[in-house]
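Read the structure below first, then the notes.
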């Protein structure tokens, strides 16, 4: 607001509070504040009155009481005698798991589709835009439910694997795809396996060291070292060698049909897989659009300039286009990650036990503490989104065009 | 469309503000409708038929109360509730009465502050499995995948049962009975567990009910009954004694067929008091003299409701069992009308 | 010079030859667009195989579809094991899918009419080329639609309308005395008319009355449409206010808006629906009782206005600074400059963004099925799939839902892209 310097000697009158732009903003803010406080006081008094009438109170004591229910997918130790708090943590971990894996898969699909949408190939281009339009324009909840329904209805159930002339059979005796979920072999780490794992980690670090060394050589001395094959070699050879030297301490545990279900191996439940898949392909459709827009936003002159320098097409992509496109792609990408994380709360529709399923679902039902649980739930998601926005801000500052 | 909604909000707020201070009975009378919470759909207990009319055993209780209070068994607004929403719906006043096969437990009565007005069905938790699995006892279910409705006592009972018997299981939580059916039928779970009556009702809706068996173990006591909010005893009394009137009517042989005749006066004083030809029981409740008569006429006495909705001649085919009158070896026992 | 019969200089041009088959026409197109290189050839073949798989799977399913049976078992009997969809579930239950299972069937014409009129009402907003007079109908539409869908006496929406007109007239009368005063007087007038009109409509509740339908009986796709349109149109004014507040110089107002917007955008819609479902009642005056649909509308509107506010904020920020300064230099006060200079331009830039938010919101209305409301998804998951006759009809039902949502959302997003192109042209 522009203000004119006050004429001297003019005394303050009450009417200035509303008519003088210098003071009016204070009046408005004061009114807004009073209204806000009044609103909160009103809601608070209603709450107090309602709670008193119902004889209830606000208390978080229930968090330390035994939960009493079982959770199928738990990343940490949990049984029905654990507390509600622990059940919530199990839920938090499940949320983070599906969100993390979902972001990875969505990025992979999204980038591939986004690039393919710009391909020379007409058929592929059309196919990809059909994919993007179909998945973007139908609610994610419907996708989750469809994939879940397809899962249970189409895939064979464990009982179909039973018997000599079973209707279904395992893939290579190691993978089982059932309507209840997927079973994979699980690596079992026996004594002596630590050294193999450490070797593996060391060789990964080695790859990075070698790559930065190669880059330094290129920039300083102009020597072009091979990068790809040495990296592959470093990745596999030391770990495999150490595996055999240490006497094969890592073995595989294969799932096998026992009783009602497959036992052993890694069990990815149908609820988890359908949620993960649906969130990924839905979000990927949006990411593909962001990627496409980002690549298109890099002006054609950049490609031509790079080509005139004699760069090969894939180098143009890697060295010229992508670095510039990423600056445009990453911010919307991160907000897609945020959306995916928030959408993971739809887990409740397929019975995946995320935080909404445990704290906001069963705990709420069993304890009847609606206000407390919903508040905690909101705070959890709020914390996640604030954390993600903080990351985004840091990134935006880092890639800001540094003008000299 | 925005302004109309604001207006709607204002009118509703205005209407409800007027009724704010009044008790539930006055609320219901002023509204002209009873808001009754039922399940989202369990054939036999409460489910909308093809015309969208609610039918079932729990629905019968709602209609009886509506008939007693408002004189019209159809003056009921049925509010479908899930295991999750039912208690908040009742606590917040969205519904006046919850008749949704809800188990009477200590914590719900004391901690959640509800008043159970009686038991309209004595039940217990059971297991249903496909016959082809060849399971004969719940103890053989080690490692099985179990479909279970969340937010119910069955969920906690299940955890207890498997823990005590030291066997493992894989819970598949589902929100409503409707969602459980396809999961169970497609084989995504081996076992479906809920109240035995609910199992029978669910099985009745299957294409081939005979391919599924209900295991003999009943692992818990599940006295199901209607409930109201704590703190409004007058309203609780009305619900309680309407239920008792239905039970007592069966005991005394008052049916919807002979009630008109009996209402002219009989030589049984208990029936006379029940039907309002003698004494002032209705007045004490804050209703008129014929409240119980209307309640019984709404859908018949307890036995008639049972036979019509879940009895042996219906697809659900439940026998009376514990739910027979005390005179016939059951647990139904209405306190005297005096 | 010796004469020669052989002419060595061509006198006339040869007729143009057709280009080689590989360099023009469909073959060139196919080569360039489908088989430009080995990798692309492989991809094309894969894509063709993929399409073939889908078509060969879906075609018999479509063509053999059964439309007239009354249960899945009968479908299976008719099909005799052949592949084929059981579309009878759609012919049998279309009314439940579209209107929910409680809306009285003899009244279906009312929401249908309201739906058709929606297009008439929205058209002048979306397409500038249409005559401006149509906007009057847009203004009337909310009242007509309310009356059609909910029924009851016409007096209720009429009173609401009269109240708003009176309020606006009063506002115009007092406008010279400053925006705040005028707005306040206008609001007072509106409330006064509504209050007085409340008696009239209560007294004459039978005048021009349609059968009233309680909002609890709304369901199916109709519920999604109602929630979508109501919440989007309600959230627009709130979104504008929030965006202006967030841009404001007044720190307290700014922070109130920032906290509100960031809070709402930080939590998933489903938690807000939980609030509507299980928590909101505790914050209302004791004994009061909003029905669920209204509570859900409140929460979704809050949700949408936060997102719309961010879009509009983008529009406000995109306006050149000179526009603000020009308005100030004309001596316009804040309300005037916003109303006459800034907002018309900012809103115009934001329309594509607003449309995108609306599409997202419309899709999110399916979430109400999680809190046991019977919208399209809720109807499919609940009463229909649980019915004995239709246990296990997944593809047909979900396909139907996908088609409905796709048609609506794709239509809207195509409009938004068209509009974006229009706007771009204007600026060049």
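Labels for the chains are A, B and C, by order of writing; each one numbers its residues from 1.
Here, a contact is a pair of C-beta atoms (placed from the backbone, for glycine too) under 8 Å apart; a residue touches a chain by one contact, two chains touch by 3 or more.
Since the model is a prediction, treat every value here as computed from it, not as a measurement.
Visitor: Where the contacts of chain A and chain C overlap, which chains show up?
Guide: The common neighbours are B.
Visitor: Considering only mean CA positions as chain centres, point out the chain farthest from chain C.
Guide: B
Visitor: When the C-alpha atoms of chain A and chain C are each averaged to a single point, how far apart are the two points in Å?
Guide: The mean C-alpha positions of chain A and chain C differ by 27 Å.
Visitor: If you average the CA atoms of chain A and of chain B, how many Å lie between those two points?
Guide: It comes to 43 Å between the two C-alpha centres.
Visitor: Please work out the Cα centroid separation of chain B and chain C, and write it as a whole number of Å.
Guide: Centres of chain B and chain C (C-alpha means) sit 40 Å apart.
Visitor: Out of chain A, which residues touch more than one other chain, so two or more?
Guide: In chain A, the residues touching two or more other chains are 53, 149, 153, 348, 364, 370.
Visitor: Show the residues in chain B shared as contacts by 2 or more other chains, in ascending order.
Guide: Correct list: 84, 88, 91, 182, 186.
Visitor: Give me the residue numbers in chain C that touch at least two other chains, ranges are fine.
Guide: 278-279, 281-282, 285-286, 381, 392
Visitor: Touching chain B in the complex: which residues of chain C?
Guide: On the chain C side, the touching residues are 73, 101-102, 141-143, 145-146, 150, 156-157, 159-161, 164, 194, 198, 214, 216, 229-230, 233-234, 237, 277-279, 281-282, 285-292, 294, 297, 371-372, 374, 381-383, 385-388, 391-392.
Visitor: Across the complex, what residues on chain C touch chain A?
Guide: 32-34, 36, 40, 43-44, 47-48, 50-51, 178, 180, 249-253, 256, 262-263, 265-271, 274-275, 278-279, 281-286, 328, 333-334, 359, 363-364, 366-367, 369-370, 377, 381, 392, 394, 398, 401-402, 405-406, 409-410, 413
Visitor: What residues of chain A sit close enough to touch chain C in their complex?
Guide: My answer: residues 1-2, 18-19, 21, 25, 28-29, 32-33, 36, 43, 46-47, 49-51, 53, 119-124, 127, 133-134, 136-142, 145-146, 149-150, 153, 342-343, 345-346, 348-349, 356, 360, 364, 370-371, 374, 377-378, 381-382, 384-386.
Visitor: Mind listing the chain B positions that touch chain A in their complex?
Guide: Within the complex, chain B touches chain A at residues 83-84, 87-88, 91, 111-113, 132-133, 141-145, 150-152, 155-156, 158-160, 162-163, 169-175, 182-183, 186-190, 229-231.
Visitor: For chain A, which residues are in contact with chain B within the complex?
Guide: Listed in rising order, the residues are 53-56, 68-72, 79-81, 149, 151-153, 157-159, 179-180, 258-261, 263, 270-271, 348, 351, 353, 357, 361-362, 364-366, 368, 370.
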